[in-house]
């Protein structure tokens, strides 16, 4: 049984122009212990998908259709209290900016112990032991001392390690890591990714790794889902998708892999910009930018369909030579 | 010392308050400045301390002079008056009252550093004849000596000496006087406790020499500065007597159960001073049109005082042509006549004087001193404007207003005068009409000088024959009336309010004399 | 920390010198006290003499220098109004104002913070909107009108509470307190309500705004993502961050409360320093006015310093370099 | 979740963005969907129009004492018994038409309010930018000066400014000067709030990469402050300003209570209420009720609009 199943998930934002769907018909599966990369440009909906999974969509955004199952149990319609028990305990989350993810006025220990005790029936002392242990596991030196210090006394990379400890300390089965390295120095990024991968292996947790960095995906993920304009355009094993991208967009993304350093906000290889949710075309959302566009692309939205190990949503998936 | 006194007082307060006592709760607009009766000239402080201390002679409820600590007096020489003191009087502290107390007290009040000395001008010596007889020696004949003395209270000489308080209180001296916070008099009430600006408690003096007309055992005095709060406290039953009560609240107070207004014409006459100097402070013409009698007459014609009385003073004021109230010596009916309200006549006079288009001048008024002062001035400004004048109304807090008056930086300005404590027209003559010479003419408007009036003033000051003196006084005041040296406005009404159970005489001088008050529970 | 305090104290001295100077410049134009000090019948010569004895005939800088020299020795002179030492007068009135301001400040915190939290947590609820509307109406009337309306309602109409004064006070050493008697406590209610209304609304709105801001921060989102309870998130995580800026504003407003106490004390005949000041203004009593202003600025500077120190205590980010973290 | 914000871009929109957003309709949309904003705006519009058109709308010029006739004093509103159709909201003790007085008083109150807020904002923003950006002794001097000023609350500063102006001006100009005294007094005490807000934002922004980058690129300090920092603080400043507008009108009323507001001959809304306050017990309710209602409406509308504006301008809220 899949650890996480997202079926036809649509998240809708009501607004003055009527409702818009930030993500549409997203379907993904995550197997236990698997690392699923989700990749795409800003606004593609990958972070939104993560937020929907942990039940923290910002109002007025809400799930308008589809369902989310965790270990077979439906979790998208749980009452808030039940969902709260799942967060942290069964699904951990890591956000992109370690500088702002930690409460500046509470010590690292306070935040760890509080989180541990929120989910595990431990005494303060035991929770503290566990917190120190976790700090050690994420590579904080002298954790017995550092546990009583405040976040601002840590460097950025160290803080992200603390964030990881916080996300993992109740040993969730699934981790949503939303751009965990984006705000960090390049030199630190690799360490953090390595740490995350190591810990996931150790605890057997699956990871949904949200990023717009194909390089990270290539190094880390088992499978990858490429999102564009609120939809999944291609999903499949990393090796397959990266070496044989079927969707023109994925192909464009691939061109950015060697580029390490400043991450591209838009893809220089592809002209134009991703349409905003409110102004998506009726047909294929990528059509306006697509060099292979045919009339059908404008008229009809392609469905996700299997082509070998991967699935792709493109009318011309079989024809385009990439 | 004072601290421990207050402590005891505060702690024992609920215990000593008699259960069904005749307690009078009294609220006034402000607190006394201090308890030393010689330290300030403020008339409220004066009447408050009158409950504790007494003078040689005093005013009764009808403002007639009657014996107090002196039983009788004789003019021995024109400038020497012998006072025979009351026997058997004791101070609250138990000390016996005698001639030494009078000597010390009068000397103290007349000391060059005492602010009160202006109220006892010309005292040269107080001589002891025997233990209960003293001679008061003045520079010259002093017809108003007894009037002056109503205001000079007697303190115990031994008590003053023991507390190092024989010298008068002097703010510039830099140290606090004992008498500011402590009181030891012969009066009808004793001080029980005092918390400045909060509560002064007086209790009846059981050993008072006089037969009390009052039935009070206790007076609780609270200053309440805000008029609305004061009225509220009366209406809510927290207070029995308020003074003053705003005129405009009269209807509400009368309508409420169990309380009533106490209203009478007061002694204080309101008038407008007129700059008769060579130029206006703030004019738009050459010279000073106000020097022209016709212009001053035009002003009087222009102002409809009856309407101001009816609308602004709610019918409670008394419109006057005189600078003094009828109760004050020197008053005659002739000087009370006013030029009638006649805007056409006003315009004609103005044209006759050469100002058909009028002229600009400042109309200076205080806005926190007299009853409805600001409103009266606004109404007058409107009326003057409608008769062709161009008044520029300037209303200011009293400190600034009176400073300007002092500096003669005013054109037409409001002033009130109650002739206190003399209750004599000479007060108006000497302070407001005589040509300024250092001792007279403090408030005389710029440029006003009438030689005949000055002559009369000098003569009145030393005339011991009461009939002649009054004749001269009336003549002098009549001169001022004809000159329109001041533009009379009205006699300000007295306006108090009390519970129906409280009986208290309301003398024209606006002073509350609670030794005549009764509470009928 | 020590250096910070020393610097603060030095600064305070300059602040107070400046305040005293401004005060003196101001009194130059406040009118002449002599008229209130002599009898109506006093002659011009007598008036001049009084003026000379008070030093009013001397140049302003001489008066100022003399005031500062004496004030430095703790001697503020005698009040011209009632010839009592100014320091005694202020000491006598200080407890009344302090109790009033403290109760008002306390009320505004005790009511303002929970109401602010409530309205922040339920921003769209009807109760929130109503509460915000009412709080705005409450501060849309000048306080002197509110004060009189309170008196009309609770004293005249209902007869529940006294309309003026402090009730029975008890002396504890030199401090006179209204906290120990029923009448004293009852007397505190209306004035402190009047005084705190504005502050209360301000705190409530401030807490609401800060709280909503904090609730949108990443660390709150992350705390939610860790499955912490709402209670822990709101009160453990959000509240502390919310209160840090609130404390600054509160400190600033405390000075405002002391100033606004002037109005409250006038309306309710509260025998405090504000009432004393207003009397001094209407009398032209320069020593009292100057000392009051210097004292108020001293209180203010002290509050500011305490607020800065508190800041350091509450916000660990400033702790390492606390002194530099002032403001 | 939040879209990633690269560190090299300003965290909030530049001025062009702010204006563009307003024009593009975000603010307009939020306005159309806020009942309180629409009602407040309507109330303010009516009040502003009334203030501007006062000379044409009023039946009487209440400042022209020549027009007053004491015979008509204390008339109740037209619909009450004894009312007079000429004075539909009644007259006060001096026979001033309450309706006309309110119109003129509103005008004065709004002038005082707007002018003092503008003064405070300009002084405060300038000093705040300067202090925050330059730092050091300049900053310390400004902040200590702010402390001095804050230890003199508005009421006391007003007494001071009032006193100095009176001393400096000939008596003839005192009445005309009253309004400037109020503007100066209220304006000069309220700038501190702006200065502190702007200063702290400036200090935060100063060290951000984009400001440093701009500096390296040779953009002048003034340029950086104006183009990068100012837009970021405009929101809070606007919110402070709206709240202060209401405050200024109330402060003016309070000063009038202490005797240093507008003279009784040129009553502002606050002065009208202060005068009317003395008649609370007397049954002449109309002289205090009507001005109070207008003042409450004004302050309330300004504050509600301020609240809405704060939410509408804050992109994080949407």
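Couple of notes before you dig in:
As written, the chains take the letters A, B, C and D, and residue 1 is the first residue of each chain.
Here is the rule we use: a residue touches a chain if its C-beta (ideal position, glycine included) is under 8 Å from a C-beta of that chain, and two chains touch if they have at least 3 such contacts.
Values in this document were obtained by computation on a predicted structure and should not be read as measured data.
Comparing the centres of all chains, each the average of its CA atoms, the largest separation from chain C belongs to A.
Per-pair counts of C-beta contacts peak for the chains B-C. Geometrically, the chain at the heart of the complex, using CA-atom means, is C. Mean C-alpha position of chain B lies 37 Å from that of chain C. Centre to centre, using the average C-alpha position, chain A and chain C are separated by 53 Å. Per-chain CA centroids place chain A at a distance of 48 Å from chain D. With centres defined as mean CA coordinates, chain D is found 23 Å away from chain C.
Contact with two or more other chains is made by residues 30, 148, 152, 218, 221, 278 of chain C.
Across the assembly, chain B contributes 228, 232, 235, 368, 397, 400 as residues in contact with two or more other chains.
The multi-chain contact residues of chain A, meaning those touching 2 or more other chains, are 95. By the touch criterion given at the top, residues 54, 56, 84-89, 92-93, 95, 97, 100-107, 111, 114-115, 118-119, 150, 152-153, 163, 166-167, 170 of chain A touch chain C in their complex. Interface residues of chain C facing chain A in the complex, by the touch rule stated above, are 217-230, 232, 236-237, 240-241, 244, 314-317, 320. Those residues of chain B that touch chain C in the complex are listed here as 3, 6-7, 10-11, 13-14, 27, 30, 33-34, 36, 39-42, 112-113, 115-119, 121, 169-177, 180-181, 195-199, 222-226, 228-230, 232-233, 235-238, 368, 397-403, 406, 417, 420, 422, 427, 430-431, 436, 438-442. Within the complex formed with chain C, the chain D residues making contact are 1-2, 36, 143-144, 147-148, 150-156, 159-160, 163-164, 166-167, 196, 200, 246, 250, 253-254, 257-258, 270, 273-274, 277, 280, 288, 292, 295-296, 298-300, 303-304, 307, 310, 316-317. Those residues of chain B whose C-beta lies close enough to touch chain D in the complex are 227-228, 231-232, 235, 246, 248-249, 251-253, 281-282, 304, 307-308, 311-312, 362, 367-368, 374-375, 378-379, 381-383, 385-386, 391-395, 397, 400, 404, 409.
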